[in-house]
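Both complexes shown next keep chain A, but they swap its partner, so chain B is in the first and chain C is in the second.
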Partner chain A sequence: MSNAKERKHAKKMRNQPTNVTLSSGFVADRGVKHHNGGGKAFQAPRLGTAPPRQTKTTHYAPPEPDVSEQLSSRVMFKKKGGWRAGPEGTSQEIPKYITASTFAQARAAEISAMLKAVTQKSSNSLVFQTLPRHMRRRAMSHNVKRLPRRLQEMAQKEAEKAVHQKKEHSKNKCHKARRCHVNRMLEFNRRQKKNIWLETHIWHAKRFHVVRQWGYCLGERPTVKSHRACYRAMTNRCLLQDLSYYCCLELKGKEEEILKALSPMCSIDTGLTFAAVHCLSGKRQGSLTLYRAHRYPHGVLGPVTFIWRPERTPGDTSASRQLWIWLHPTLKQDILEEVKAACQCTEPVTPTPCVPDPLPTPSHGQSQPALPDEKIGKKRKRKDDGEDAKPVKKFFGDGTRDPHQPRSWISAATGIVISDLTMEMNRFRLIGPLSHSILTEALKAASVHMEGEDTEKTPHLWWIETCKNPDAVSLHRRQEAIFELLGGVTSPAEIPAGTVLGLTVGDPRINLPQKRSTALPNPEKCQDNEEVRQLLLEGVPVECAHSFIWSHAVCESVTENKISDQDLNQKRSELLVPGSQLVLGPHESKIPILLIQQPGRVAGDDRRGWGSGWDVLLPKGWGMAFWIPFIYRGARAGGLKEARVHSQYKRSPYVPGDFPDCSAGVLFAEEQANDLLEKYKRRPPAKRPNYVKLGTLAPFCCPWEQLTRDWESRVQAREGSPGAFPPRGEGSDLRGDEVPCVPTPEKPRQAPDEADTPLQDARGPEGERDTECPAQAGAAGLPGQDATGSLLCVLRSRAALKQLSAWCGPSCGGRRAAQRAPGRGQRDLTPEACLPLLDRFPRALVWVSLSLLGKGSPEPRTMICVPAEEDFLQLGRDRLYCGPQEPKHSDPFKSKIRKQKEKKKVEKRQNHGPAGSEGLPVGGPAVGLPALTLGLWSGPLPDVTSHCSRALLGFVTQGDFSMAVGCGEALGFVSLTGLLDTLCRQPAAQRGLVLLRPPASPQYRFARIAIEL
Partner chain B sequence: MWRTHSMAENREHRGAIEAELDPVEYTLRKRLPHRLPRRPNDIYVNMKTDFKAQLARCQKLLDGGSRGQNACTEIYIHGLGLAINRAINIALQLQAGSFGSLQVAANTSTVELVDELEPETDTQEPLTRIRNNSAIHIRVFRVTPK
Partner chain C sequence: MVRFKHRYLLCEVVSDDPRCRLSLDDRALCGLVRDTIARVHGTFGAAACSIGFAVRYLNAYTGVVLLRCRKDFYQLVWSALPFITHLENKGHRYPCFLNTLHVGGTIRTCQKFLIQYNRRQLLILLQNCTDEGEREAIQKSVTKSCLLDRESGEEELSDGGDEVAEAME
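After this line comes the complex of A and B, so read on.
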C-alpha cells in the first residue's frame, strides 16, 4: 500500500467520527478499532466484554488467502444487499435478534457524529465561500456583518487568522508615499540597475509581457491577443516598434582612413561595402555583413546597417567624416573589439569627445534649465545628490557596457575616433503603408525662428543661430517640403530603399489629438505631380539628408531643454480657450530627427515591398514624447515577437538566431537548447515525444557543424565507390591538411566522450574537429575565439547564391532560368559545375526559404530532408500525396535507463530528485556513460545525415503558417554539399523539392526550396 | 491614374531590359507601382488569387449583405499588365450573371512603373528606369432593368 494512498485515505477520514468509520478492505487494523455500530451490536451479546483485539482474531482468524477469497465471493454475492454488503463483508449472517438499547446507543452515536461533522467545516474554503451563491454579498470577505448571524463568529475567527498569516508588508512606506514621484523614481532607478529600461519601458510594462534580454528589459509581445492584428497592421496599417536597444557605434575621422580600416572587415563578394557611392554620400543607408579582418568566408561578426553623415565637400577623401554603424546588442561586443582593432583605436578618451561643429551651440552651464524634467534619467540626476557621477553615467548607460568603461577611443596613428553611442538615441520603427500618414500627421517641421522675436530667455539657441543662416533656412524648407510630399505616397515601398531624410521638427506633444484616432492617407495629397514623381525616382537629394542629430552638442542641448509633460500640461490648462492650440513660440523645442526608409521585402518575386517602413532616430529623452503621438495616430505597438514575425514574412534572417556561424548565434542556440531541454524534462516521459523513437537526433538544437561534415564524408564515400559522383581534386587548396582525416570519420567520432548530454553537441563537434585536425584549428582559431573559428560558414557570396538560385528552380529548362541563362552566363547544373563552389566553400550552409506544397506548418528545428525516388513516384501518381512516414526507430537507451534505475535503487544513492538523472553516473559498467533522459539521444550523435529513412539536408530556423501566403513557410539552412548533391540527382522536373519533418512527428511533407537574393 | 495594390508583372519587358544591361553589375529590383488610397469599392485584380474568389468578391460587393445592405451601386475593377484579361473577364462574367442589371464601362490608361537597378559594385550609383505598362479600369454599375 503506497504511502500517498494511505495519506489520502487518512485525509478523507479526518473528520469522520471514530465510531462511524467504515472499515474498507485495506485499513484492516484500523477497521478493528472503529468497527461499525451494527457489528458491535450483534457482537456484544456473543462476546460480552471481550476486547476488540480478540474480536478481530476471532473474525479474521482464517488464513489470509482464504479470507480474501471468501470476502470477494461474498461481496459479489451480497452486492444486492445494499449498504450492508461492503462493511459487513466479514459478518456471517443477518443477526437473529437485536438488543434495542445497544442498537439505539450506537445509532445515537452515529447521529451525534453526523451533527458534529455538519457543524465542522471540512473544506479549506472560507466561511463565506461555503454559502450558496444567492446568499453571498459583495463585501463579505472583509466585512463580517455582511454574513448571516450564525456564521459571523466563525468568520471573525477566520479573518483574524488571515491577518496574522499575511506576511509583513515589505515596504516601509505607505502606498501614497510609494506613489510619490521622488520615491517612484528612486524605485525605478533601483529596478533598472541590472537590466536597462528603454524610455518607453513603463508604457510597455503596462501592455506587454516584458522579458529581460541582452541586458535590457524589452517588450516580448502584447498582453492582448494580437498576433493577427499585428500582422494586419504590418500589411495594411502601421506597426510601431521601439528599437532603441539597438547599438550605435560612431566612427569619426578621415574618410579614406575609415574606409581603409574597415575594408578588410567586409567583402565585395557579399554585396556592397562601406564604400558604396550612394551610401558614402550619406544619401542612403547601407547594410552589410561584417567579418573578422581578412578572414572573409569565416569569422562572421554579424549584420549591420550604416549611415554616413552627408559630406559637405564632395570628392574630398581626406575630409573628416562621421559614420554610424547600427547593430544588434548581441553582436556589439565582438564588433566593437574588431573595429577597435581594425582602426587601431586603443586609447580611451575620458571626456565625451566634442565635435567641432560649424554650428555655434550653447554651452552647458548657460542652458541648464530651471524647468524640471520628467525624463527618468534626468530625474535621477537631480535626486541622487549624494552620488553625482554615477547617475550621469546611468543616464548614458546601457546594458551591454560596463558603466565605468570608457565610451570612446582614439587612435594616434589613424586619427579615427570610435564612440559607443548606445542609448544615446531612440530608434522607432514604423512598418506598414500607413506609416507615411502617421509620420506626416504626428510630426510638423519646426517653425523657422523670425528675427525680432524675443530671444532673451529661450534655451534653444542652436536653432536661433541656425535660422540666422539663410542657407540653413532654405535647406530646412526643402526638407519640410519633401517631408510633406511623403504624405502623398501611399506606401514606403515606393521610395528608394534606404533613403535618408533629415528633419527638424517641433514638439510633437503640442498637437496631440484629444483622442486616439487613425490617420488615413489624404486623397487630396495623393495627386500625381512632378515633385512626387521626382521623389520616387531620385529619392531624397543628398543635402536633405542632413540633420542636426549628427551633432552631439545639439542633441545634448535638445535633451537638456526638453520641457516636461507637467509644465506642458500646466501651460495648456492656462490657455484662455480650453482645448485650443498651445503656442509656445520660441520656447517650443526643436528636435532634430533622422528618417530612414527600411526597404522591407526585396528578394524574391512575390509580395515585393512587404513590411517596408521608416525608422525614426531621435535624441535621447524624447522617446515618450514621440511614442505617444505615434500611438495616438493609430500605430499599433509590437514587441520582439512581432519583430520575429516581420523578419520571417520578409524572409530575412533574424538576429541572432539565424547566424549559426557567428558567436552570438551559437550562444543563442545554446541558450535556446537549454531552455527547451528544461521544458522537455519537466514533462512526464509518457507525455512527451520520444525523440529517439521518432528518429530525431537533435530536437533542441541544430548540429550544423556535424551536418556539414557528415555530408562531406558522405559525398566522398560515394566518390570512392565507382560512378555516382565524379572525383574531385583531392588537394583542394583551402583544406589540404584536412582531406586525409575525413575519409575515416567514424572512428574519431566514436572516440571522444566529452559530449555528455545531447544538448552539448553544438559544442561537441568543435571539440572533435580540434582533435581531428589540430593544424587547421590552430591556423584558424585566434585565441579566445569560439565557434566562429570553425570551418563552418554561411554562403553569402552573391555570385554563388545567384548560381544556386538558378539551379534550385523547378527545372533547369524552366521559363525564367531559360531566359536568364544566356544573359548571365549561367552554367547548367552538372557535378563538374559544382566543384569550384564546393572547393571554395567546403563546409558551407545556404540560407533557403521553403514553402510547403500542401498541408503542414513547419516549426523551428524542423528537418529538411532529401526525398527518395519512390516519393516522387507517389507524388506523380497522386497530386495530393502528403508525403512518406518515418518508420519507428528502436530506442537503445530505454533498457539502459531501466538498468541504471534499478542500479540506483539497489545502491541507495545519496543524491535524489532530478539532479540524479543529470549528475554522476552510477558505478560499474555505467561509468563513462552519460546521464540519460528518456526520449533523447545521448552521447555523441551518429551520422546525422543517414540516421532516418530520408537523408537529412538541413534544419529550419524560422517556420510557421504564413498568413501572408496562406500556407506553411519556413526559412532555414541546408548544407551546400548536400544541396548540390541532391539537386544533381533529382530529375529536372522535380528539382528543388524537399521533404520537411518536424522533430516531434513521423510525417514528412513536401516543400519547395528556393534561394532568394 | 492608377491605383493598385497587387498586380501582375509585365514579363515581356524584363527580357528587354536585361538585354541592355550588364547583369554582373546591376540587380534589377522592381518597385511597387505608385498607388492611390483605396476606396472600399475598388477591386484590384491579380494573377495569383483564384479567379473564382475574385469574382465572388466583386459579386459580394455588388450584392451587399444578406438583406442587401451596404451594397455598392458601382465598383471599379482594375487590372494591370497581364491581369487586364482577367479584369475584363471578371467584369463580363459579372454582367452575364446579372440578367441585365449591370452595365460596364471600361477605361484604359498607362501606368509608369519604376525599376530600380541596384549596383553590384561600390563605384556605381543605383539607377532607376521607368517603363510603361497598360492598365484597365472597368466601372461596373447597376442600372434599373427596363
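After this line comes the complex of A and C, so read on.
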C-alpha cells in the first residue's frame, strides 16, 4: 500500500525541483581534496524524489570529476527540472566572502529550475484540464487546434501517448465482417475447441454466469437475482436445465454378456443392479452406484443411471441389446476405463466407419485449415472465405475431441461394443409440476405420413419408411395417446419413478407462441378418467418406451436434415396470412425423443416426490429448437447452482462433491480447498476468522480419512476400560463363539492390535498426506490413490442403512417408531448389535441428513459434533436453549509466524546491506520451510475428534436454510464408528441429537440426525 | 475541489557564516522550525502546526526554503519564524535568521514568485556591479536563465537532457 502511495507521490512530484544541499561530510573532507572529486557531490534527495531519479544520479556520478575540473563553481541542470550543484562546495574551502559570480550563478540555476517546474504541468491531468473553465472549448481532447497555442505542443505529445496506450485491435477484421454469419460461425467453432460448448451456450452466455468446468462451458447461475424464484419454479412451476454435459456410454452386445461383464461392478447390497426386471425390459430407467470390479464396498466409481433399449423379443437373453449408461463428466474417465476392462473391450474401432455422425467431421476438417490461414494474409483469407461460405456449419457435439481418437471399442471375446456417445444427444431436465403441461404444449406428436403425398422431395425418408409399417404407426398412435394423457396428470411425481416414454414429435419451432407465456394445466384434461388412472397404476407399457433415438442412422439423418431457423422464418414470412400456422407437410422434420421420468425425493417421510420431473433426450443439433419453445411456455432456466439446490432439497448426494470415496470427489475436494484457501489468504488477517482460535482444524476440506481412523483408535482405547463394550474379534466366527457380555481375555484384544499396527504403518505416508491436506491444501496427494488403496468407504448397503436409520430416531419418540421396529425385525441398539456392522465396514462414513431444532443455518464443512451430558440437561431444562459455546483456543502458531517474520526482516536487511550473494544462502532454508498462514493450522493435524470440547463426528457437505422446510437443513457424512458409539451412549429419549458448529463460529446448535432411505 | 488547503511559506535563510549553508538540510530545518514553534506557541501550537508540516524545497546555495503547513495554522508558523536565530546541525551552531519572501496557496505561485524575485536580485546585482569580470559573469548567468526559458521545449524533445545541459555551458 505504501509502495503505491509512494509511486503516486513520485509521479506527482516528477517535475518538481529537488532539494539542493551541500555535502554533509564537510569537516572530514576538508583535508582530503582529491577524494572529493569522485565522491558524491550531493546528498541523495530525500523529499519528493522518485527512486528512478536516484539511480540516475548515481549513474551520472562517474563523468562528474573531469567536468568539475573545468569549472570551479558550476551548476548543472537536470533534465527534469531539478538541478544539482557541482562538487565545488566541498572540494574547496568555504570562502570568507561571497563572489558575485557564484551568487548570480546560484540564482540563475534556481530560476531555471523553477521555470521548468512552473511551465510543466505537475499533476497527471490532461493539458486542457489545466485551463480554467471559461477557456475550455468543446472537443479539446480530440482537436489540438482548439487549445491555446502555448499548450498545443504539449497536447500534441499527450495525444500521441494516448494513442500508444490504447489497446490495439487484435482482430484483423472490422466489426461488420466479424458479425457476418460465416465468420461468426468460424469464430464460434474455433472458440469451442478448448472447452465444449453446449448447444444452448450462446443463449446461456447472455443470461448466465458461465464457468469452465469439467471441460465444458456451463451456466453457473442466472445473472438475475433468482434464488427464490428458482425454488418456486421447482416446487410450483417448472425449472429447465440443460444437462447435455452428462456423458453417455453405450454398450451393445448380447444381454447375458453385458450383464455378466457388469455384474461385478455393482452390488446387490446397494440396491437394484443392471439386471432389475423393470429396467431390463426397457420400461424404466435404473440408477445405481458403480464400483471397481469385485472391490465392493471399496473402490467406488460413482453413481450412474442407465436405460436398456426395449427388447423386441422378451425372454431371449442372447439377443443383441443396447444399454445406455449416463454419468457425470467427472466420473467418465474412470468408469469408461473400468467398463472397458470389465468387458475386455480393448480394440478401438477405427473411427471412420463407426463415427456416428459424418456431419461434424467435414466441417471440422474444413474449418481447421481455414483458421491458421486467416492469420497469414488477407488475400488468402478472402479466398478461403469464398470456399468456405457454403459449408461452414454450426458445430454440434464435442469440439474438443480429436477426430482420430477412437470413440468405440470392441471386444473379440464377448462381442460387446462400447461407444462413447458424449455430446451426441441433448438432455434437458424439466423439474416441477408444470413440466407436464409445458411438454404437452410444446411438443406435438409427428403427423403420420399418408400414402399419396409426394414423397420425392422430402429428406425424411426414415419416417416415410416407418409409416409404411402399420405396426409402427399404431405404436406411434399409442405413444401419442399416452403423451396426451400426461397433460392430465397434475405432477410428474404421480408417474412411476423412472418411466421411459419414447415419442416422435414434429418440429417444435412451428407452433411457437408469439409471446412468452405460462403454460397452465388444462382443467378439462385433468378429469380423473379411467385411462389416466390406469397410466398411473401401471405406468407406460413397455412397447411405448421404444424410440428411434436409439438408432444412430435415424439420429444422423434428423440432425442433418434440420431445417435452419433462417429458412423457417423465410417460409413463415411468405405465408399469405401473416401469423397463421405454417404447414410444412412432409418437409417438416420428425424428431425422435425419449422422455424419462426423474423421481424427485424418494427418501424420507416428508415431501415425497418433491422435485420430480422429466428428462428429455434429443438428437444433437436440436437443442435450441427445443429449448426456446420450453422457455416460451414458461419454464425458468437454471444452472449448476440450481442443480445443487435441487439435490440438496431432495436430500440426495450431489456429484461429485458428495462422493468423498471416489476419485472425482477427492479431486473436487482438493480444488475446492485450494480455491477457499486462496480466497482466505486474500483477506487481511484481521478481517478473517482465526480458525486456530476457533478450534477448527480443517476449515477448507474434510479430513475423512483421519476422522474415521481417529474414531477407530478412540473406540479401541475406550475398550480397555471395563464396562465398555467388548473388543472386536478378528472375524465373525470368533465373535460368535464368545459370549458377548463376558469381558474377554487379553488374547483376542491383542489380535486386532496386531492386525492394525502393520496396517497403520503401511498407511503411514498416506496418513501424513491426509493430515497435510487441510493446512497445505496444495500439497494434497494423488487423486487416484484414495480410490485404490484406502479403507475409507461410504456405507451404501441398504440393509445396514435401514438398521441404522431405525436406531437413529428416538426410540420412545412415538408409537409409530415402536411399531415399526419389531415389524421390520429390527434389533435393539446394543453395542453387540453394532459389531457385525463395524466389522464389515471398519472405516465407513454414513450419509446423514440433519435438520436444526432451532435457529441457525449450516454451511458446507460445518462440523457435526457429539453433545455432552450437560448439553442434554440444559436442553431438558430450557427448550429454547441454543447450545453450548466452544471455548477459545490458544494459537500456538502466532508466535512462530511472528518469529518467521522477524527473521525475514533481518535477512532482508542483510541482503540490502553488505552483499546480495551472502544473503541468498541464508534465505535458502527459510524458504524451504512451509509458509505459515495466520489463522490456519499448519503441520499434521492432531486428533481431530477430540480437539474441541465436543467430540467431532463428521462434516456437512451441503447445508443451507431450506426454503422447503423452513429451517436450516444439512447433509453430510459422519463416521460410522462414531455414530454407533454416540448412539449407544445417548439416552433413548434424546437419541439422534447432535451439535452443529460452522467453521467460523464458536456456537454449537442442536440438530436431529436422520438416515433416509 | 475537496482537498486539504495548505499555505506555502517561501523563506530565505540569511546567515553571515557561509558554513551555515553546509549544514542546511531539510531534516535539520524541519526540526528547527518545530522546536521554535513549540517554544513560542507551546504544545498546542506545536501540535497544530505539525499536521501537514513539511519542507518542500530547499536550496543550500541560495538559502531558499519552501515550508508547507495547513492553512488553518499557518500564522502560527509564520509568527514563529522570526524567533529562529540559530541553525544547529551536527553539533555546530550557526547564527542565522529566516526572511519570509512570500506566502502562497500553491507551490506554483511560490515558484513563480521565486523566479521574479531571483530575476530582480540578479538585476540589482548587475546594476551595482563595478568589476568588469564579475559583470560579465553575472550577465552570462542572467542570459542563461533566460536561455532555458526558450530552449526548454527543445530539451524536452531530445532524450539526452544531460548533454544539452552541458552544451549550454
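By our rule, the second predicted complex is superposed on the first by the 712 of 1013 C-alpha atoms of A that agree within 3 Å, B and C clash if a C-alpha of one lies under 4 Å from a C-alpha of the other, contacts with A are read in each partner's own complex, and residues count from 1 in each chain.
Definition applied: a residue touches a chain if its C-beta (ideal position, glycine included) is under 8 Å from a C-beta of that chain, and two chains touch if they have at least 3 such contacts.
Note that the coordinates shown come from a computational prediction; the quantities given were computed from them, not determined experimentally.
Enquirer: Looking at A:349 after the superposition, I want to know if it touches chain B, chain C, both of them or none. Which is it: first, second, both, neither?
Expert: Neither: A:349 stays clear of chain B and chain C.
Enquirer: For A:277, is the partner it touches chain B (first), chain C (second), both, or none of the two (neither)?
Expert: first
Enquirer: Spot which of chain B and chain C makes contact with more residues of chain A, would you?
Expert: C
Enquirer: For A:609, using the defined touch cut-off, is the partner it touches chain B, chain C, both, or neither? Pick first, second, both or neither.
Expert: The first partner, chain B, only.
Enquirer: Between chain B and chain C, whom does A:341 touch in the aligned arrangement: first, second, both, or neither?
Expert: Neither partner.
Enquirer: Which holds for A:103: it touches chain B only (first), chain C only (second), both, or neither?
Expert: second
Enquirer: Quick one: is A:868 in contact with chain B, with chain C, with both, or with neither? Answer first, second, both or neither.
Expert: Neither partner.
Enquirer: A:496 contacts which: chain B (first), chain C (second), both, neither?
Expert: first
Enquirer: Once the shared chain is lined up, is A:153 touching chain B (first), chain C (second), both, or neither of them?
Expert: second
Enquirer: Could you tell me which stretches of chain A are touched by chain B in one complex and by chain C in the other?
Expert: Shared contact residues on chain A (touching chain B in one complex, chain C in the other): none at all.
Enquirer: Quick one: which bits of chain A touch chain C in the complex? Just the residue numbers, please.
Expert: Going by the criterion above, the answer is residues 16-17, 19-24, 26, 43, 46-48, 60, 67, 71, 74-80, 85, 89, 94-96, 98-101, 103-112, 114-119, 122, 153.
Enquirer: Using the touch definition from the top, list the residues of chain A that touch chain B in their complex.
Expert: Touch residues, chain A against chain B: 268, 271-273, 275-278, 284, 489-491, 493-494, 496-497, 520-523, 526, 528, 532-533, 536-538, 602, 605-606, 608-609, 798, 819-820, 823-824.
Enquirer: Hey, which residues of chain C end up touching chain A in the complex?
Expert: Answer in residue numbers: 18-19, 21-27, 54-62, 64, 90, 107-108, 111-112, 114-115, 118-119, 121-122, 125, 129, 131, 133-134, 137-138, 141-142, 144-145, 148-149, 152-153, 155, 161-162, 164-166, 168-169.
Enquirer: Going by the contact rule set out above, which residues of chain B touch chain A in the complex?
Expert: Per the stated touch rule, the residues are 1, 9, 14-15, 18-19, 23-24, 29-32, 34-37, 48, 112, 114, 116, 119-126, 128, 130.
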